[in-house]
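Common to both upcoming complexes is chain A, partnered first by chain B, then by chain C.
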Partner chain A sequence: MADYKLIGKEYSTADLVAKVTGRAKYAEDFRAEGMLFTKLLLSPMPHGRVRSVDTTAALAMPGVEAILTADDLPAVDAPEERMLTNEPLYEGEPILAIAAATEEQAANAIEQVQIDLEPLPFMLDPLDSLRPGGSNARLEGNSMDGRDLVDIKWDNVDWTQVDNGTLPTDGEITDEWEVGDVEAGLADADLVLDETVFHQSASHQPLETRTAMAYWQNGKCYLHVSTQSTARTHAPAARWLGVEPDDVVLIAEYCGGGFGSKISGAISSGIPGLLSRKAGKPVMMRITRQEENFIGRARPGIVSRIRIGFRSDGRLTALDLFSVQDNGPYGRTGDFMAMADQSSLMYTPPNMRFRGVAVFTNTPPRAAQRAPGGVQAVAMIAPMLHKAANQLGVDHLELMKINAPAGQQVFGRPRQGQQGNVSSAFVREAVDKAIIQFDWAAMKAKSGQRNGSKVTGVGVALSSYAAGVSGMDGLLTIRPDGRVYIQQGVGNLGTGSVFDTARAAMEALQTDWEQAEVVWGDTSKHLPWSSVQAGSMTTHAHSRANWAAGLDAKRKLQEIAARDLGGSPDSYDVADGRVFRRGNRGQGLTFARAAQRAIALGGKYDGHTLPEDINAMTTVAGTALAGLGLMGIAKDNFETGGRNMSYAIGFAEVEVDTETGGVRLVDYKVSSDAGTILNPRTFAGQLHGGGVQGFGVALSQKWVFDRRWGLHVSKRFYSNRPPTILDVPHERKMEWVAAGEPDPFSPLGARGIGEPSQGAGTGAVLCAIADAMGGEYFNRTPVMSDMILTRLEGLPEPIAKLMAHA
Partner chain B sequence: MGDVEQIQEQQEAADGFSRRTFIKGVIATGASVSASSYVFRDGTVVRAQAPGAVERLVTLTVNSQQRRVDVLPQETLAMTLRYKLGLTGTKIGCDRSECGACTVLVDGVPHYSCSMLTHQVRGRAVQTVEGLEAADGTLHPVQQAVVDEQGFQCAFCMPGFVMNMVSLVAEHPEATRAEAAQHLAGNLCRCADYNKILNVAERALELSRRS
Partner chain C sequence: MAVIRDNMPAFELFQPTSTAEALGVLDRYGADAWVLAGGLDTWDWLKDRMRRPAAVVDLGAIGSLSEIRAANGGVEIGAMATLSAVVVDATVRESFGLLTESAALVASPQIRNQGTLGGNLGQDTRCWYYRDGWNCYRAGGNICYADTPTAMNREHCVLGASRCVAVNPSDTAPALVALDAELVVENQRGSRTVAAADFFVGPEVDIERMTVLAPGDLLTMIRVPATWAGASFYFEKSRDRQVWDFALASVARAATVSGGVVDDIRVVVNGVAPTPVRLTAVEAAVRGQSVSEELAERAGQVAIEGVKPLAHNGYKVPLLRNLVKRSIRSIEA
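Let's look at the complex of A and B:
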C-alpha cells in the first residue's frame, strides 16, 4: 500500500467523547418549550379497513391538542406506503395519532377513540398466497409485475411437492434472466445438487427506535430524526411534510443503528412534523420497542429451489435459482433479484438462470437490510457448497477459490444483453492470506472432534456485496483561523465513515487531522450532496469526493502561493497546514494566511464562483459558505472500473451439544477484500459486528405469527433474540485479515465492507453446524436447538419445511 | 404432509372465523381494539391521576448532587433522569429490562433504570454517564478506554455498557476478558461490536489498575 499520512492509521473519531459523556444527542434527547407527546393508534389486525372513527370522546380528554389521520394525508398509488392508513396491511400499522400535553394523556385519549374496523382476508405466507384460492395480502393483488399489481396463482402446480418441502419450478413468475445454457451446464456436471432452502424474514431491531421530534419556526419545520443518511433524508422529509426542502431543517447528528431500516429516515417521522403544525407546538413521538417491531423494517424471507452442477474438481458448471420472496405489504424489495446477482458473483457459474416472484404478505414492511439479497444468497448456497466439497472430496477453501471472482469479473443479470463487471476482486489473495494467518490446516483438523457430548464443526463462507458508488461532491473551506472545515452530508450512523472519509481531504492536504473540523448532522449547516449511507457506498463514494475537494483546495493553495510569492503553482507543495516552495519550506503561506488571500481574491478561490458539474444541493451549500475562506469544492470525476464490490470470508468454529441441541460459537475469524482500509478499527468493527449480526440470522432471531389471527407473537428482544455478548466468541479477540490490495480504479483504492460481513457470519456458522453434525443440513434459518435435537433423534421436523414465520 | 393440511384447514377456518369475531369485538368496545400494544409502556395503561395517587416532591442524589424533583408515583427512574433532570445520556432502548441501554448505578450497583421506580432511589446515590467525567474534564478510565479503542459503533447502547463497566472495574479489577463478558451480559449491542467492547473492557481494567 502507498505510504499515507492519515489513511490506514488508527485514530479516535471526533464524536467519541460526546458519546461517552452522554452529551451526544439522539432524536429523543432534544427538548423544546411546550413540547407535546404523541401516541399512535395501531391496527390490531393484519388486514382491515376503517369503516368509521369517532374521536369526539378522545379529543375531549384532558391535555389533547391535535389529531392526525390518514384523511389529512395526500393519497398515494398502491403499493406505496403512507405514514397513516385507513386500510392497515399489517398488525401494528399506524392508523391515527393524537398529540397531548403528556404522553399519558395522549395514550389515554387513544383509548377513547371509537374505531370500527372491517377485517379483511389476510395472508402471512407467500407460498400460501400462490395456492389456488389462496388469499391476497392486498385487495389489488399479491405481486407486482414491473409497476403493475397482479394476482398470481399457481393453479398448474403440484402442491404436494410444496407440502413435502420441495419448491416446484413451473409456477408463474415475474422476473427471469439466463446466461449461457443452464440445462446443458447441469448435464455436463459430475455432481448436481438440487435443494429447496427457506430463509427467514428478520427484523432490523436497531437499539434506537424510530423516535422523532418536530417544531415549526418562521415557516420552517425543525425535524429531529434517527436516520442513516443526512443529505439524502432532506428531500424525503420535505415530501412527508408536503413542503419544499428549503422549509425543512433536518437534524440528525447521531443515529442509534439502522442496518438499512433508516436509510433515508423513517416515513413515520413525518407524523410529529404534521401534528406540530396543527397544534402550533413542538411534538415528540417516542416509539416503543414493541412499536418498532411493527413499523421498523425487516429483511424479506426467500424460499428458493437451487440446482447447482459441479465438476469433479469443485468448479461450478451451472446454477439455477428459482425464488419466491416474502415481500411484506408495501413496495417491492429487490432482495430476490440481488440474491441472484450476488450468487453469480460469488460462485461465477458459466451458466446461470434466475426466475423469481415477490409476493405480498400482511407482515411488517420490508426494506434493505445489510447486504439485501446477499445474506440470503450466502445463507442458502454456502451450505450446498460445503456439501459438494465433502461429496467431491475437495477442500472447502479450494472449492471457494476455484469458483471465486477475480480481476474485473463479469457477473449478474445481463442488461441489454451484456453482463456488468466489478472494479476488482482479490478473493483468492484474501483466502490465501487467511490460510496462513488463521492456520486453516489446524482449524480443519478440529472438525468432528468430540468432547463429551459436544462435537466441533468448522465452516467457511464467502460473501460479496456492493461497496461503493461514485460521482458525489466534496466541500471544504480553509478559514482564516487556519482550520479546515470539511462539510459532510454523510450521516453518522456508527460506521465512522462520516469521519473516516473526511480524512481523505486532509490526506490530500498532507495536514494533521487535529487541524480538521468535520461539520455534519444538520442540513442548516450547508452540507454537500452525498450518497445514501447504505449499501456500503460511503467509504468509496466519499473518500473519492473528499479527495477531490482536497486536491481542489491544494491546487488553489498552490496558485495563490505562486501569485503572491512567484514561480509556477507546480513549484509549490502543501503539507502540515502550509503551502510552500518545494525545496524551501521557509518560503510559503500558512493556511490562515492563504485563507485571507482567497477571500481577498474572491472568484473560485473563496467559493464565489463554483464548478458547474456539482449537484444543486452542493451549489446551495457552496454559495452559503462563499467568502468564508479558501474553498475546496469538486465532484468526484475520477475513473471507475466497474461495479464496486467487496468480499468477506467467514471462518466459524462451533461446538454443537448433542444432548441439548445448543450451539456455542467458539471462534470466528474473517478475511476480507475491500481495497485500501481507511481506519483499521472501524473496518474491523464492521467485519466482526456484521458477522455477529449474521449469527443472529442463522441462530436466534425469529418471527413467529399466530396463524389464526395473523398476529405477531415475537415482538420483543427476548422472543426475537439478537446475539448477546455471551453468544459470540468472548474468551479471546476475534481475528481478521485483509487482502491488502487497493482498488486499482480509485485514487485511494478504498471500498466499503459493512455489507458483505454479515453474510460471511451467517454462512460460516451454518456450514460449521452442518460440519459438526456430520453433514446434516437444515436448509432453513434460523437453526434452533429444537431442530438440531429432533434431527439427531431422527424425529420428524418440528416445523413444516417451507412454512413462513413458524 | 399432514401438518400442512391441518394448518391449512385451521387457516381456512380462521379466515371465516376472524371476520365475525373481529367485528363483534370491535363493535363491543373501541377500547379493546386500541388497548393492547401501542400504549406507553406496552399495555399498561398508566393513569396520571389514579385514585389515591399523590404527586410528591422528592430529593434525589444524582451524580453527587441533590436534586429536588416532582415525581409521579408510577414514574420510572429512566423517565425522571431524561425528562425531569435533563440527563439524556441514559438511553431507553426497550423500556422493559431487555437491552440494558438505561443502565445506571444505584449505590454503585448497576440497575436498569427503565424498570425501577424513581421513588425506590430516594436516599440512594444514583450515578449516570454524565457523572463520570471529572470537573477538569478528565475522563473516567472506562470512558478513556472507549476513546482509546474506538469502542462501539452507533453508541446508543454505550452509556448502559459504560455504567456496567464502571461497576466491573470497581468490583472485579482483575477480571479476564471472559469474566468481563459475563459481567456485561445484561447489555445488548445491536451493532454487535462486542469484540471491540471487550477490548474496551480489558483496556479499562488495565487503566484503572494503573491509576
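Let's look at the complex of A and C:
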C-alpha cells in the first residue's frame, strides 16, 4: 500500500465522544416551542378498506389539535406507497394520524376513533398466491411485469411438487436472462445438485426507530429525521411534503442504524411535516418498537430452485436459478435479480440462467437490506457448494478459489448482449491470506470433532456485493482561520464513512486531520451532491470526490503561491497547512494567508466562479460558500474500471448440541477484498458488524404469521430475535484480514465493505451447521434448534418446506 | 374503539414505603390494583393498554423487600431482590447454586439488574397470541388461538394443556420448586406460606391466572429451606439466542447422593407446561439407584410419558427427554 499520511491510519471520528456521552442528538431528542405529539392509527388487519371513519369523539378529546388522513394526501399509482392509506395492505399500516398536546392525549384520541374496515382477501405466502384460485395481496394483481400490474397463476404446474418441497420451474415468470447454454453446461457436469431453498424475510430492526419531528418557519419546513443519507433525502422529503426542496431544511446529524431501511429517509417522516402545517405548531412523531416492526421495512424472502453443475475439480459448469420473491405489498424490490447477478459474480459459472417473479404479499413493505439479494444468494448457494466439495472430495477453499472472480471479472445479467465487468477482484489473494493467518488446516481439522453431545462444524462462504459509485462532487473551503471545512452530503449512518472519506481531502493537502472540520447532517449547511449513504457506495464515491476537491484546492494553493512568490505553480508543494516552494520550505504561505489571498483574488479561487460539470446541488452550495475562503470544488472525473464490488469470506466454527439442537457460534473470522482501507477501525466495524447481522439471519431472526388471520405474532423485539452481542463469539477474538490490494481504477483504491460482510456471516454459519450435522442441509433459514432436533430425531417436519413466515 | 399499542396511559401511582402501607392500598383497590416490581412484565401490559389498573403499587421503595439473608441453614430472599442480587449473593451461591444458575440465565444483564425474583415467579405467560391481545380463553374469551389447525405454536406446551396451551416462562420457578422453597404471601388479613410447587396455577384450575395470588395478595418473601443446601444441582435452559430469550424448555434438578446411590432427588421442568412441573415419576425412577447412562436414559423416557405435542412443537418431546437425561447423567456419584 502507498505511503499515506492519513489513509489507512486509525483515528477517532468526530462524533464518537458525542455518541458515547449521549450528547449526540437524534431526531427524538429535539424539542420546539409549542410542540405537539402525534400517534398513528394502524390497520388491525392484513388487507382491508376503510368503509367509514368517525373522528368526532376523537377530535373532541382534550389536547387534540389536528388530524391527517389519506384524503389529505395526493393519490399515487399502484403499487406506490403513501404515508397513510384507506386500503391498508398489511397489518400495522398507518391509516390516520392525530396530533395533540401530549403523546398520551394523542394516543387516547386514537382510541376514540370509530373506524369501520371492510376485510379484503389477503395473502401471506407468494407461492400460495401463484396457486390456481389463490388470492392476491392487491386488488390489481399479484405481481409486476415491467411497470404493469399483472395477475399470475401457475395453472399448468404440478403443485404436489411444491407441497413436497420442490419448486417447479414451468410456471410463468416475469424476468429472465441467460448466458451460455445452461442445459449443455449441466449435461457436461460430473456432479449436478438440484435443490429448492427457502430464505426468510427479515426486518432491519435498527435500534433507532424512524422517529421524526417537523416545524414550519417562514414558509420552510424544518424536518428532523432518522435517515442514512442527507443530500439524497432532501428531494424525497420535499416530495412527501408537496413542496420544493428549497423549502425544506433537513436535519439528520446522527442515525441509529438503517441497514438499508432508511436510505433516503422513511416515507412516514412526512407525517409530522404535514400535520405541523395543518396545526401551525411543531409536531413530533415518536415511532415505537412495535410500530417499527410494521413500518420499518424488511429484506424480501426468496424461494429458489437452484441447479448447479460441477466438474470433478469443483469448477462450476452451469448455474440455473429460478426464484420467487416475497415482495411485500408495495413497489418492487430487486433482490431476486441482484441475487442472480451476485451468484454470477461469486461463482463465475460459464453458463447461467436466471428466471424469476416477485409476488405481492400482505406483509410489511420490503426494502434493500445490507447486500439486497447478495445475502440471499450466499445463504442459499454456499451450503450447496459445501455439499459439492464434500461429494467431490475437494477442499472447500479450493472450490471457492477455482470459481472465484478475478481481475476485471465479467458477470451478471447481459445488457444489449454484453455482460459488465468489475473494477477488480483479489478474492484468491484474500483466501490465501486467510489460509495462513487463520490456520485453515487447523480450523478444518476440527470439523466433526465430538465433545459429549456436542459436535463441531466448520464452514466458509464467499460473499460479494456492490461497493461504490463514482461521479459525485467534492466541496471544501480553506478559510482565513486556517482550517479546512469539508462539506459532506452523505449521511452519518454510523459507519464512519462521512468522516473517513473527508480524510481523502486532507490526504491530498498533506495536512493534519486536526486542521479539518467536517460539515454534515443539515441541508442548510450547503452540502454538495452526494451518493446515497447506502449500498456501500460512500467510501468509493466520496474518497474520490474529496480527493478531487483536495487536488483542486492544492492546485489553487500552488497557483496563488506562484502568483505571490514567483515561479511556476508546479514548483510549489502543499503540506502541513502550508503551500511552500519545493526545496525551500521557508518560502510559502500558510493556509490562513492563502485563504485571504483567494478571497482577494475572487473568481475560481474563492468560489465566485464554479466548474461547469458539477451537479446543480453543488453549484447552489458552492455559490453560498463563495467568498469564505479558498474553495476546492470538483466532480469526480477519475477513471473507472467497471462496477465496483467488494468481497468478504467468512469462516465460522459452531458447536451443535445433538441433544438439544442448540447451536453455539464458537469462532468467526473474516477475510476481505475491498481495496485500500481508509480506517482500519471502521473497516473492522463493518466487516464484523455485518457478520453479526448475518448470524441472526442464519440462526434466529424471522417473522411468524398466523395464516388464518394474516396477523404477525412475532412482532416483539424479543420474539423477532435479531442477534445480540452475547450471540457473538466471545471466547476468541473475531479476527479479520484484508487482501490489501488497492482498486487499480481509483486514485486511492478504496471501496466499501458494509454489504458483503453480512452474507459472509450468514453463509459461513449455515455451512458450519451442516458440517457439524455430517452433511444435513436444511435448505431453509433460519436454522433454529427445533429444526435441528426434529431432523436429528427423525420427527415429521412441522412446517411445510416452502411455507413463508413460519 | 380503535386499538393502539405501545403507549402507556396515565394511572394512579402509589409508592408505599412499608409492606403494611402497600397491603392497605392493594386492599382498597382490590382487582383494580396492579403490583409493580421490576416492571419487565408490567410495562408491556400497561403500554399495550390491555391492562388498565386504577392504581399501580410500586414496591420499589420498600427496602425490606429486597433483603437477602441466611436463616437456619436456608436463605430468605425478599421478593423485590433483583435477579442480579440473587446471582451475586454468596449464601445463595454456596448452598443453593441451582437458584444462582437459573437466575443467571434470565433474559439479559440489563433485565436482571431491573427484574426481581418475585416478579420472575409471578410473571404472566408469553404466549404470543395472548400477549398481543387476542381474546383467548386466558383473556376471558372462548377459544385458544394457539391450538387451532393453523396456529403457530412452536413455543407452546406439551404437558398440562387444558383449553389453554401457554407455558410458564419463569427460569427461577423450577429451581425454587426443586429446592422445596416456600413463598410468603401477605394480604390485609394476614400472612400465609405457600409451597413453591403449589404457587403456580394451571388453566384447569384458573385459566386467567398463573399463580395463586389473588387481588390484595402480595408475594413478599421466598424462603429456601436448608433441605437441599449443598446438594448436587443441575440447571439447563434451552433457548434460541444466548440472551433475552425465554426457555423452550428448562430443567432444574437437586439430588443428594451417598455411596454412589441417589438418596433423594427433585426434577422440575418448565417451558413445557402452563406451570413448572415436578416430575415425580422420574424422581421415583431415580431414587435409590446408582447413577449410570442407562438410568439417565430411563429417566428421560419416563419424563415424556403422556406428553402431547401440538402441531409445531414436537421437538419439545426429545428436548424434554434429553434435558431430563442430562440432569440425571450429571449427578456426581
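Simple rule for what comes next: the second predicted complex is superposed on the first by the 806 of 806 C-alpha atoms of A that agree within 3 Å, B and C clash if a C-alpha of one lies under 4 Å from a C-alpha of the other, contacts with A are read in each partner's own complex, and residues count from 1 in each chain.
By our rule, a residue touches a chain if its C-beta (ideal position, glycine included) is under 8 Å from a C-beta of that chain, and two chains touch if they have at least 3 such contacts.
Owing to the predicted nature of the structure, the values given are computational and were not obtained by experimental measurement.
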Contacts of A:Met784 with chain B and chain C, given as first, second, both or neither: second
Chain B versus chain C as contact partner of A:Gly374, first or second or both or neither: neither
Touching partner for A:Phe705 - first (chain B), second (chain C), both, neither: second
Touching partner for A:Met803 - first (chain B), second (chain C), both, neither: first
Contacts of A:Gly48 with chain B and chain C, given as first, second, both or neither: first
First (chain B), second (chain C), both or neither touched by A:Gly550: neither
Chain B versus chain C as contact partner of A:Leu726, first or second or both or neither: both
Touched partner set for A:Val713, first chain B, second chain C, both or neither: second
Greater residue coverage of chain A in the superposed arrangement, chain B or chain C: B
Chain B versus chain C as contact partner of A:Gly661, first or second or both or neither: second
Chain C-contacting residues of chain A that also contact chain B: 39, 41-42, 44, 103-104, 107-108, 110-115, 288-291, 707-708, 715-716, 718, 723-726
Parts of chain A lying in touch with chain C, wherever the complex brings them together: 39, 41-42, 44, 103-104, 107-108, 110-115, 288-291, 453, 659-662, 664, 699-700, 704-708, 711, 713-716, 718-719, 721, 723-727, 784-787, 789-790, 792-793, 795-796, 798-799, 806
Touching residues on chain B, where the partner in the complex is chain A: 1, 3-5, 7-8, 10-11, 13-15, 17-19, 22-23, 26-27, 30-31, 33-42, 45-48, 82, 86-96, 98-99, 101, 128-130, 132-133, 139, 143, 146-150, 152-159, 162, 177-178, 181-182, 184-185, 187-199
Chain B contact footprint on chain A (complex, rising order): 10-13, 16-17, 19-26, 28-29, 31, 39-42, 44-45, 48, 54, 92, 102-108, 110-119, 121-122, 128, 135, 162-165, 205-209, 254-259, 286, 288-291, 294, 493-496, 679, 681-682, 684-685, 688-693, 696, 707-710, 715-718, 722-726, 728, 730-734, 800, 803
Of chain C, residues touching chain A in the complex: 1-10, 49, 108, 128-129, 131-132, 145, 148, 150-152, 154, 238-246, 248, 311-316, 318-319, 322-323, 325-326
